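To start, the structure itself, in structure tokens.
We call the chains A, B, C and D, going by the order they appear; numbering starts again at 1 in every chain.
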């Protein structure tokens, strides 16, 4: 039994519950125990770092400090925005001892910077990939457009994850379960996440271009690893369709859901029924 | 030890070597160095925990060199000194036969110096925990206390240079302390001369000292001068990742890394 | 017993305004062994120097201290003056009363006191100075030039025309380098090959130049004037002394699909090949890695068709040795590789090409015979986007520098395109236009104004293919960052110029330094741009940093003149401020014990070994020995030597010790 | 009573710091008179024994300065020096010699202002520490002993 700390973050307990469900279901299948960080709080994305530098560091620092307190050396953070904020905080505070002391003072907890932060892909690469082949019962034999979004790979100096301009990790992983990633152009284009509430029409335009290109290139499904991206590509589909003046019904799946399907995990356990655009696989 | 004696006798008999440098029992009940030139005499060789003198020191002494090719009984300290001397071009593989001995006196055969180097990798040349404690104790004193401590410690020194004579790495024909153009270090055994001598000795052994404590053993006044070289060894390990003696050319201070620490440089 | 003269300079009022120079001279007169001490308005003037010369003769001085300005300025002046009066120049020292005293302090008693201290310290030092003579080193008057591009060609011709021998080594089968690949050259648009090939031929025919192609430097030992080079001649598998260059072999070679290096991968060549029709020498080599015979053991068609019988399948690499007095490195540059631009799709989309590939498309000798046709379907592109700074000035990509030539060649490319495709539209995305140079900015203006090239100030974020078009997404920063999308038929990347792949290894062979980008480092960024830190090794062209043809040629001639200057002397005269290992009477010979730790400490590999032998030839002792040609006099070995056996002339242990002991002696 | 004026000796390399100090002069930037410069070809040449000699001769403080890393005129003399300084400084500190009195710095030929700052700040530091009488007493011990035969 592998034990990893788990920071779900707000989205995974609400609008993207199915992401959490599929992560947990997948981990169960591979005998990985996810231990939630007790008393966790919001990471501050996306507002805090535009408002108050100390606050934007203190919120993630408290989460990391709690993980340390609970003896965790490694945590998985599925939400790309949370992953980004936690990683930036770790990087910033590890490089500046004075600031780290100041933040520890604010959160009234020591923070040492010892916890390793993994996104879902990194967790899968580390613990799952090698055993994947043996467990496939239903290869996901479809063309997929892997969409990485902004937050998973940028800023590269800090995250050091994948090729920043042309990421490949999700594509490579999905090939292992029988999917055929298409070569497309919008892997890291912005979906308009920040405008999702304030200006949904902009989301329609930005996300619309993404969805259209995926369909134009023959993809049957889009695969994401970020609740924000998912919400925009899935929930905002009416806005997208009205921008595109057509009806596109390509489903948007989390990477964990695709892997789950290939492993024969039930659709309910993976939360596929929760999507706005029906998933017909 | 019997194997060592047997090998020594063979080597002498076959004239593969002219002299075997080893330990024997001295008249005062303490081991001393022995220079055995006849196979019949090998039985006087001993080895026990008290054999701490670093015999490698004799490899560069002219009086021993003139006896002819030597074999040397070599516990850990001697092996380290041999490798360091080899890296400084002071001995060559074909000029010497090494009779390695394990801590319990068993013969270890070494085909060549590289084999010794390999063997030594298993023994960290570290300042041991107790000594580290002493180093830390001194370091944690105030500046004034440290100054007083060492002034008092070195006040005992009367510059007999026994430390130098016992050190296998002090093989120079003309020590810097004897250079008189200019006279870097005052000859007399007074406070300044003693201070400068011991600073210089420690600096000259930085990255070369094999941590055998022969200098301390030899000091008639029991001065803890080995702690200066131990500090250097400790620093070398901490600052530069120095791992101990190797056959590689160049040493700690004749090489560098471009990212060596420099937090004290403005 | 020393007889020292002290000469205190007023430097007009520069020194005397804050330092009581008379008092300094008087105080100095009272120092031990000072027999003469005066002050004077301008010591460096003719009368000032005469004052010193006369004093040397009158007072029989054995040492001189000039208390004036920085020795970095006038030390040579006063050393020369002393020498003219018969006193060895190295018996003269300067102390810096101006930059280090009068200019940085107010007129107080302390300032004058400090000046007196400074004089005393140099008086003590000079007492320990020793007369020195310049070191004479013989010179082998042959230069080795590494790299046969335009830099190497120009350097070789210039040196050879001075009457000296040159060995020019080129790793490819032909000389010519990148310049031979270019179509036309800015800012005049004259044909690159037309101006280059005559020089290539001149190199081949010059009686003073030995051209060795398909060869690389194996090792270099020695020092200025006296290098020994080993050159590896790669097996050509063709005997060039027999080959007539008729071309029958490459016409018949069945391996025809090998990407041509000369055409930057846009055309193909055979396994036995000359890189291009004007190659020098115009005789083929066999590329073993692509040859059927070498790879599969069967073929030998070329051998069958070779009438003179020049094919030699059993030829092996050969090492030749050469003695040379100077080396000029002219190895040029490279451009970044496809994996550098995943966002621009280079390597993924056939019609995204580099500037060098565009040169081949535009060249009359290229794969399209000079017509601009895109690689994927050979159609004439109607819309072409040029992306400047593709990789350059991009810290995120690890290249912070400007590649310097791209602004100009991009303007040229766009212009050539417009000249050849009149209906075409061209766009240039740029960060800044850097067109400093004679007629350069005018050239860029011409592209914009006459040839109607659309210049867009902004960067391109991504290029992707859609419906047979390349979609170029960028922003126009002069239009408030307005996003722009252009549907192009072809995209040309002004890829960053980078150092050649083997440059680090070569630098290590030559013992010269290189920068973080692995370009060779000049000895001084302004005053020694063609020298390296190793005496006798020079640089020219883009191996030092990206540069254009005129600059390269200028630098090449500069390096050649340095070599010619070196070779113009019968022997090399060097400052004797170098390290020496002491020698003593036998049986000691030297206090050096031969630990050779100095050998690893020396930045110049200047420390060698000297064996002292008895009459029967047995080695008694091995000592360190400083190579006078290599030692640059840093003195690192001196501070390092435990036995004080190695010392540096001019800054010797005795000198520095005396100086320190005198400084505070009050 | 006069304020204590520390005696400072500067050991500098010819190519960077000496030239930098020249620039301080040509820029007419003022600094304390307490410092006297000894010129070496390179920091790699500076023998640690000379630093001890400076203290024993009465220096209250020492500045050692050369080219910034990677800028050494001789490519690596300063790197060698830096390693030696790390060891030497630690040894002195361990023996109770006041390393606050030794200022290590990199001053390039272009850093005239920095040189003035280094000198002034070192003078201030050493002025606060007072005369290095501890070391000088040890050194004087020699003189008294010799004088007393």
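Everything below uses one rule, namely that a contact is a pair of C-beta atoms (placed from the backbone, for glycine too) under 8 Å apart; a residue touches a chain by one contact, two chains touch by 3 or more.
Since we're looking at a predicted model, the values are computed, not measured.
A.B. asks: Please state whether B-D or B-C has more C-beta contact pairs across its interface.
C.D. replies: Spelling it out, more C-beta pairs touch across B-D than across the other pair.
A.B. asks: Taking the mean of the CA coordinates per chain, how far is chain B from chain D in Å?
C.D. replies: 34
A.B. asks: Please tell me the distance, in whole Å, between the geometric centres of chain B and chain C computed from their C-alpha atoms.
C.D. replies: Using C-alpha averages as centres, the distance is 46 Å.
A.B. asks: Distance from the CA centroid of chain A to that of chain D, rounded to the nearest Å?
C.D. replies: Chain centroid spacing, chain A to chain D, equals 57 Å.
A.B. asks: Rounded to a whole Å, what is the gap between the Cα centroids of chain A and chain C?
C.D. replies: It comes to 50 Å between the two C-alpha centres.
A.B. asks: Identify all positions of chain B at which a residue touches two or more other chains, and write them in rising order.
C.D. replies: Counting only residues that touch two or more other chains, chain B contributes 184, 253-254.
A.B. asks: Scan chain C for residues touching two or more other chains and write them down.
C.D. replies: Correct list: 601, 640, 653, 657.
A.B. asks: Two-or-more-chain contact residues of chain A, please, as numbers and ranges.
C.D. replies: If we look for residues of chain A contacting two or more partner chains, we find none.
A.B. asks: Let me know each pair of chains that touch one another.
C.D. replies: Every pair of chains in contact is listed here: A-C, B-C, B-D, C-D.
A.B. asks: Name, in rising order, each residue of chain B that touches chain D in their complex.
C.D. replies: 135, 138-139, 141, 143-151, 184-186, 188, 190-193, 195-196, 199-200, 202-203, 206-207, 228, 231-232, 235-236, 239-240, 252-254, 256-258, 260-262, 264-266
A.B. asks: List the residues on chain C that touch chain B in their complex, please.
C.D. replies: 588, 591, 593-601, 622, 640, 642-645, 653-654, 657-658
A.B. asks: For the complex, which residues does chain D have touching chain C?
C.D. replies: Counting only chain D, the residues touching chain C are 5, 7, 9, 14, 18-19, 21-26, 28-31, 33, 36-42, 44-48, 50, 53-54, 57-59, 72-77, 80-81, 84, 116.
A.B. asks: Which of the residues in chain C come into contact with chain D in the complex?
C.D. replies: 70-72, 96, 98-101, 103-106, 108, 110-111, 113-114, 117-118, 121, 513, 533, 577, 601, 603-604, 632-636, 638-640, 648, 650-651, 653, 656-657, 659-661, 663-666
A.B. asks: Give every residue of chain C touching chain A within the complex, in rising order.
C.D. replies: 341-343, 348, 396, 462, 464-466, 471
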